[in-house]
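Both of the next two complexes hold subunit A, though its partner changes from subunit B to subunit C.
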Partner chain A sequence: MSKPKVGFYWCASCGGCEESVVDLAEAILDVAAAVDFVFFPVAMDFKRSDVEAMADGAMAACMINGAIRSSEQRAMAKLLRRKAQILIAYGACSHQGGIPGLANLFDRQSILQTVYRDTPSTVNPGDIRPEASTRIPHGEVELPVLDEQVKSLDQVVPVDYYIPGCAPPVQLLKDALAAILTGRLPPKGSVLAPDKALCEQCPRAPSKPDNLLIDQFKRPHLERIDPEKCLLAQGFLCLGPATRGGCGWACINANMPCTGCLGPVSRTRDYGGAAMSALASLVNSNDEAQIAAMLETIVDPAGTFYRYGLPASLLFARAGANADKGGHEP
Partner chain B sequence: MSSNVTLPVAEEFEPRIVAFFCNWCTYTAGDLAGAARLAYAPNMRVIRLMCSGRVDPEFVLAALRQGADGVLIGGCHPGDCHYREGNYKCLRRFQLLCKFLRQMGVEEQRVRLEWIAASEGDKVQKIANEMTAQLKLLGPLRLQITPRVNGRPRAAECPPAPTKGVAP
Partner chain C sequence: MTRHIVIDPITRLEGHGKIDVILNDQGEVDHAYFQVPELRGFEKFAQGRPAEDMPQITSRICGVCPMAHHMAATKALDDLYQIEPAPAARVIRELAYNTFMFEDHALHFYFLGGPDFIVGPTAPKDQRNVLGVVAKVGVEVGKKVIAMRRAARDLISLLAGKVIHPVFGLPGGVSRQVRAEEQERAVQVARQAVEFAEFTLGAFHDIVLKNRQYVALITSPAYTHQTYYMGLVDEKNRVNFYDGAVRVVTPQGKEYARFQARDYLKHIAEHVEPWSFMKFCYLKNVGWKGFEEAPASGVYAVAPLARLNVSDGMPTPKAQAAYEEFFGTLGPRPVHHTLATHWARVIELLCAAEMMLQLAQSPLLVDPNIRNIPTAKPAEGIGIVEAPRGTLIHHYATDEKGVITMANLIVATQNNAARIAMSVDRAAKALIKGGQADDGVLNMIEMAFRAYDPCNGCATHSLPGHMPLLLRIYDPRHRLVNEIRRAGGFTDFQGRGAERAGATEK
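== the complex of A and B ==
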């Protein structure tokens, strides 16, 4: 019997998700023994035409990492959706929009302006911008078009499962592969990770006071961090109360607060809303001005509470002038 | 000229306001306004909660996503909370949420927190009228269109289905 075929593709991502596959270490040999990789641009020399030549549904499973923010990525997502029986959004960007999703705080025009004109290291006297097609002596060449907004994968094509994390923890990948190979998968639409908050069962939980209140928000690069004590109790913005567990407390064990890469648990409608609710209620003051002064130290709420998921949030993107140019229909 | 031709009249924008009122003070004040026949703008839809401390920022975001042009939160005056400090928790969450909403381009007049005691029926009237007038000037809230979701239904459209994750 031939081995099940598997694909692994990247869109707007950093390569960290590919790194998490390498992190399987020796276990990657078991994976290679159990499945055939038929498309994996970062590691293997298969081309888009090879995928196009496959029959629909030829791949047992395809994992796509990265957010969707260009015409090419949208086309690839649709192509891979057709060719795969199970499509998995792999990693925070694909699951929730990820860090590239913070681009939804700005409009496309100002992003292009910053990158191609305003940054100090840019030298572009002709103010040249990427064009969808350009005529050169050898003919016409084309570039993908940057979308108005960044989207999560399920905002472009139907997604069967999600493997969360930035990058996904190796254990979650192992469990997911085992589940796919044995066919023991949960209902479609599930996030393949425990559905409990990180705070539950946190190794530092015993040092979390019953009545937790914060007098001053601290930033991890400016303070000495006690390696044993609950990070919230020390005043660091740890998003463990709002974030899905399943990472093995990787950041906590490295003495850093949780930044929320696994996203919300299934009961949450808006991850950042839940995180703001949990954190703000801990402010130890009942005085309006004093509360405002304390919250002043949280300089970037969108970047703090929606670091990995602005596109998947209820507001999706910044409101205002550009609103009517909204989302491409897939 | 025919007299039964009706000319189209430019319709005035009628803002939609979702109001979260606490059971003990502000909702009672709303009742009082009604009993005292204090008319106010019909643009406000009131949702009664037991306490302003129950107002999760997610509620406000969901209201805005589902078409509200403004959200009003009403709670007991500081020190008067039926549950002692629910309104303080509301105040803390409200302040942080407002900071986030500014970043998202949502004007500050759109989301408001007011302390309204059970006896202040006239304040309900005043705030409802004032906010309606302000929102009429601001115009509709123009959120970006959310992309059509093909995968699992997003929370905004329907409550999340009970799903079980894979145990690690």
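== the complex of A and C ==
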């Protein structure tokens, strides 16, 4: 009997997601014994036409990491969607847009201007920009056109499951592979990680008072951080209350606040909004003005609450959908 | 009969390098263009973010070398807040950094660049991969490589919070103290690393250096360029990955410049071409003269070979002996043979391992004072480290609240970009004759840039194996007449050499 095929493909990613798969280390041998584990772009003699020739649903599962930001990536995502029974968004970029999704705060022109004109080491008297097509003595050389907006995978194709994290913790990948093999998968649309906030069972939770009194957030580089005590109780902006657990409290154990890379718990659609209300509810006050004053002390709300999820957020999604013609497929 | 050859990662993904080879009317190579087809705009969206978030935000430029960006950013924050890291923090940072350098170099040697030499550049494709390496050096070694990589990465996770992507960097220190029992573990891993690196150097010796053909290949003119070299050196002009002055040597090996991070803008400039998203660095005071060799041109190289070329020696004894042998064999300094980069990388692997051991044994490692708290008003900060793939510069300006107003990032591969373009052009011109190219030609061209381990825009993230390639030849009406494909060689851990070549005629 042939083993089920599990595909792995990357779009606009940093490479950390692939490294996280290589971090299966010795365990990769067990996985390989049970499934045909293939990194599409590099392991197979990958021709687009080969994938096209596959029967629809030929792959038991396909994981895609990285955000979507070009027509090529959109086309591959659609093709793989057809060929895979289960499509999994792997990692924060694919799940919610990721850190490179912060580019959605700016338009394409201003990005190009900063990179090719304003940066201090750039010497560009002709004000040259990379062009889709450049005439050279014997022909033309071409570059892809950048999309105006970065998108999460489910903004382009329907996604069955999500493996969260930047990069995803190895244990989540192991669990997901086991679930695929045994067919014990949760309802479609689920995030394959514990549906509990990071704060629950956090080793520092006992020092978190029921009623927090925060009137001002501290910045971690300007204050000492007690390595035992709840970070929120110390006044540092830890996103543990709003973030899904499953990372083994990696940042907390390094004595740094959680920045929310695993995204929201259960079906919260807008992570940033949920995080802000979670924080507001922690403030021992019913006074709107006081809550607002506390939130005001956050230097960069967009970059803090939407660090990993700007493209997927309700607040910013609309602008994104409009900006890119043909970008928002069903 | 103008023909257009495109060598493209088979995946055609952004972030991967692409090579366009343009033929003239005689079917000879007019020019080969090395392109990076992606831009993510970190320099723009850094604006408005608090500076202290930069170590964690910029690490996402590259998940293969996140520690390099994290550390360059952290050092830029030291400078921004004018604060020295606490002595313990410096040791913790350097231990994490050398462990990262060790692990990354090992990965490259065994999985990516090594197969060319260990298995042989002309060996059948299905052997020229990590499994071929294992077959040549022994199955036990395969297990050893996996176990070593895991031990090194676990140590980084312990010190830095996460290995992909670290969180421990703060201006003036690190976030987490190292406990006594953890120090024992670190020493143990470091010992294992030194042994592993010595073994690797030995294997390189036996297999590559004892083979005359390989040595001839390394020194062949097709893979040789006369350029300047750049790298960080310590106060005795020895290789340093974490800190020091930037030293530049001429193609004759004379010191051309030696400068501190804060002066980088006086020496380094970036040139823009319309056909690539990657900017090309050059020495400002020599000037941009196109993709040309020295002395007229300011093109320079970074990464392992360049670091050895700019240094008077290594900071550790075993690596020093290896350094002497390197220049004794290929010297005098500087060595201009691109393929010698593989050897230089193994010497650095040993250096990083020895550094790990020194640092792991330092009593300061477990000192509880891990932070100096900044008090200065922020304005501008610059941090430089040596990433595995070369000199990496982060430069920020902020408002007085420490919010970024300007970020300038010069990533390792950019420093090498012009020379990589030249290497590819040289190889294409030497190997493609009369418009004819076959799979062997692909590999030889690929070797020209694989030696640099290019991480394009730090986004190529070439994983274990061969870089997948696609070569297309077009007729004058831009119709595809020939296509040669080559998948990458990251075999799927089941012993099936997945790397295959297929030529399709259309």
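Here is the rule we go by: the second predicted complex is superposed on the first by the 261 of 330 C-alpha atoms of A that agree within 3 Å, B and C clash if a C-alpha of one lies under 4 Å from a C-alpha of the other, contacts with A are read in each partner's own complex, and residues count from 1 in each chain.
Going forward, contacts are C-beta pairs under 8 Å (C-beta built on N, C-alpha and C of every residue); 3 or more make two chains touch, one makes a residue touch a chain.
A quick note: this is a predicted structure, and the numbers were derived from the prediction, not measured.
A.B. asks: Classify the contacts of A:Ala176 with the two partner chains as first (subunit B alone), second (subunit C alone), both, or neither.
C.D. replies: A:Ala176: touches subunit B, not subunit C.
A.B. asks: Which partner chains sit in contact with A:Ala274 here, subunit B, subunit C, both or neither? Use first/second/both/neither.
C.D. replies: Only subunit B; A:Ala274 stays clear of subunit C.
A.B. asks: According to the stated criteria, A:Leu79 is in contact with first (subunit B), second (subunit C), both, or neither; which is it?
C.D. replies: Neither: A:Leu79 stays clear of subunit B and subunit C.
A.B. asks: Which partner chains sit in contact with A:Ser121 here, subunit B, subunit C, both or neither? Use first/second/both/neither.
C.D. replies: The second partner, subunit C, only.
A.B. asks: Looking at A:Gln149, would you say it contacts subunit B, subunit C, both, or neither? Reply first, second, both or neither.
C.D. replies: first
A.B. asks: Is subunit A touched at more residues by subunit B or by subunit C?
C.D. replies: The partner making contact with more of subunit A's residues is C.
A.B. asks: Let me test your reading of the model: by the given contact rule, A:Ala58 touches which partner, first (subunit B), second (subunit C), both or neither?
C.D. replies: It touches nothing on subunit B or subunit C.
A.B. asks: Could you say whether A:Leu192 touches subunit B, subunit C, both of them, or neither, answering first, second, both or neither?
C.D. replies: In the superposition, A:Leu192 touches subunit B alone.
A.B. asks: Mind working out whether A:Leu105 is in touch with subunit B, subunit C, both or neither, as first, second, both or neither?
C.D. replies: In the superposition, A:Leu105 touches subunit B and subunit C alike.
A.B. asks: Could you list which residues of subunit A make contact with subunit B in one structure and with subunit C in the other?
C.D. replies: Residues common to the subunit A contacts of subunit C and of subunit B are 105, 300, 302, listed in rising order.
A.B. asks: Which residues of subunit A touch subunit C once you look at their complex with the stated criterion?
C.D. replies: Touch residues, subunit A against subunit C: 10-20, 22-23, 25-26, 28-29, 32, 36-47, 69-70, 72-73, 98-100, 102-103, 105-106, 110-112, 114-116, 118-124, 128-131, 134, 136-144, 146, 166-167, 219-225, 227, 250-251, 253-256, 259, 299-300, 302-303, 307.
A.B. asks: Can you check the complex and tell me which residues of subunit B touch subunit A?
C.D. replies: For subunit B paired with subunit A, touching residues are 56-58, 60-62, 64-65, 78, 85, 88-89, 91-93, 95-97, 99-100, 103-106, 141-152, 154-156, 160-168.
A.B. asks: What part of subunit A is in contact with subunit B in the complex they form?
C.D. replies: Going through subunit A, the ones touching subunit B are 104-105, 149, 151, 153-160, 171-172, 175-176, 179, 186-195, 246, 266-270, 272-274, 276-277, 279-281, 283, 285-286, 288, 291-292, 295, 298, 300-302, 305, 312-324, 326-330.
A.B. asks: Tell me, which parts of subunit C touch subunit A in their complex?
C.D. replies: 2, 4, 9-15, 20, 22-25, 30-31, 33, 35, 37-45, 47-50, 52-53, 56-57, 60-64, 66, 77, 81, 146-147, 149-150, 153, 157, 160-165, 167-168, 170-172, 175-177, 264-265, 268-277, 279, 281, 284, 288, 371, 373-374, 395, 401-403, 406, 408, 410, 458-461, 463-466, 468, 485, 487-494, 498-502
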